[in-house]
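Same chain, two partners: subunit A is paired with subunit B first, then with subunit C.
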Partner chain A sequence: MQAYSAKIPLAGIKLSNELFLIRLSSSSSSVDTRSALCQILAENRINIQFLTGSAPGELSAVTGCVAAKYRARVKELLLAGVGFEAKPEFVSSVGLLSLFPHRASLKILGLSLLALGRSGVPIYAMASSLSVLSFITDYARLLEATKALKEYFDLPPEPITIPRSNNGTQQEMSS
Partner chain B sequence: MSDKKLVLVVDDDPDLVEAICMKLESENFRTAKAYDGVQAWERIKEERPDLVILDVMMPNKNGYVVCDEIKNDPQYKDITVVLLTAVGEAVTSTSYTHMDGKTALADEFIPKPIDLDNLMEIVKDYTS
Partner chain C sequence: MVKSSQNKSLETIAVYWEHRVKTYGFQTLEELSLIEVTLPLIRIADLGLAVQKIDLPEAGFHLTLIEQSGGHMCWFYLLTAQELEHAISRHITELISQGAGESVSLKSPVDLIFFQGPHYGDRYGIAEAAFGALKTCGMPILLAACSQSCIYIVIPCGKAKETASLLAQVFEVPKKIRSRKVSSKSKR
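For the complex of A and B:
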């Protein structure tokens, strides 16, 4: 890939631990998939590390991510029947790539999508927050995605990653 | 040079850094940002902030270490350090301990999740 001539400087890039992706969708806009997913996860005290959804009035769909250790439990809870008309889909091993700050720049968004698209890494979901552009891709391809973004953005040499504890397990994302 | 006080905000959560900085700027402070302990030291040496708001659990160099380095450095020991702590629940699953918190040399400790209004009051108290 040819490097972009004038790389845009950004403060950083952050990579998550391994996550489990859940997507709930319903053909009926009257089904509130977002509330349903949040309620199930909250009742079972499972932290949501990423959440994005359709706007009210659109096709009802929500995408969320939880730590990979909850994979079986969450799958069981959703497949067991959640009491609403929604179709659950899952991606087993994903990671969250966070680019910041986006400075509300459409150019930064466009170049991010261009970089990731050209590299061929899948984007299962994306969202923007106050400062961060977040992309969900395959966990095993996070470093490949980072490398692709560095073609367009001037970033610190090493991404921020989630520190590991003494016993080798990964900490939850937010500290 | 501006007479506004400079506050350095250090956390590995970029959204939290942004939110705190926006609030500080609305209260007439200047702000600087860092996302880990190593970057924090770079900003401190470049800009010598009046106060540092410092997260504890961060990659590369954690907040306890940065705090003690500031307070043991004759050139920077007068900088006020406010530590943001969420370590309690993580003690059983991470390398952080309650003893780290007891021995840290910070001027103030604020538990997460942060009450922004409370944080602003503390920052104003220490910089007035």
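For the complex of A and C:
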């Protein structure tokens, strides 16, 4: 991949711990998959670290991420089908890549999508917050995604701290 | 940390929880436009190329998100100022050739409410409190995102103040609720 001629300077990238992704979609927008997912996780005291919910056309969709340690428990709860009219889908090992600040810039948004799209790293979901663009991708490919973004953005050279994963290993980001 | 006889670690954790969840206040933006793009996942790079080429003064976004359909398609959303809706959507339409199943559509006008609070990203039940309060009163939610410590909710136009009032029943808020219409002087 050819590097972008004038890289945009950004403050940095933060990578999350390993997460478990849940996706619920229904062919009917009248099915409130978002509320159903949030309710069942709250009742079981499970924190949602990331969530998007939309209603494209006549559909209803929600994507949520929880800590990987809840993988088995959440699968059990959702596959039991309590209150759901939508079949849940799962991605066992994902991570959150947070790029900041986005400055509400279409240039930064577009380049980040271009970088990740060209790299072939999957984007399971994305959402902005006040200053951060957060991408959900495979946990094992977080560093690959970071490297792809570095083709277009001038990011700090120092290693990015990555929290320990469940098996106690720790990845390091090399510049 | 205390270790049991089976050498399994027991961990004591503190959970921060208030009777009413605190916020730093609600912010609302009225009369925005929601651009929705449906396209195959393999076209994400093309979409990025189109978006980064949009060369409009003051063009920006209030919220953006991507969600997968579970198949090979995804939905891309961009919430922006109403004055920019046609220029941005036309630009995206021109730059991504629309194949089978691809589309660019507009929902306009819409309102946005967003807020944050202490440790929102680290605690369970926050999203449920927000969405549950709105569901009880039948408030339609067009789009929602919980990312970092922020919650964003896109609702139909004219519903921002009512949504803030409904959320204030379950969240503890500073007394003043800030609201403004997005004018041409504040495009983002």
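Some observations on this one:
By our rule, the second predicted complex is superposed on the first by the 153 of 175 C-alpha atoms of A that agree within 3 Å, B and C clash if a C-alpha of one lies under 4 Å from a C-alpha of the other, contacts with A are read in each partner's own complex, and residues count from 1 in each chain.
Convention: contacts are C-beta pairs under 8 Å (C-beta built on N, C-alpha and C of every residue); 3 or more make two chains touch, one makes a residue touch a chain.
What you see is a predicted model, and the numbers here were worked out from it, not measured in a lab.
In the superposition on chain A, A:12 contacts subunit B only, with no contact to subunit C. By the document's definition of touching, both partners, subunit B and subunit C, reach A:98. In the superposition on chain A, A:132 makes contact with both subunit B and subunit C.
Between subunit B and subunit C, it is C that contacts the larger number of residues in subunit A.
In the superposition on chain A, contact of A:51 is made with subunit C only, not with subunit B.
In the superposition on chain A, A:124 makes contact with subunit C only, not with subunit B.
On subunit A, the surface patch touched by subunit B in one complex and by subunit C in the other comprises residues 98, 129-130, 132. Taken together, the subunit B residues at the contact with subunit A in this complex read 11-15, 17-19, 33, 35-36, 55-59, 86, 90, 93-95, 112.
On subunit A, the positions that touch subunit C within their shared complex are 23, 25, 32, 34-35, 38-39, 41-42, 45-56, 59, 61, 63, 89, 98, 103-107, 109-118, 122-130, 132-134. Within the complex formed with subunit A, the subunit C residues making contact are 36, 38, 41, 43-54, 59-70, 74-75, 77, 88, 116, 121-125, 127-129, 131-132, 135, 141-150, 152, 188.
Every residue of subunit A that touches subunit B in the complex is listed here, in rising order: 11-12, 14, 98, 100-101, 129-132, 160-163, 165-167, 169, 171-172, 174-175.
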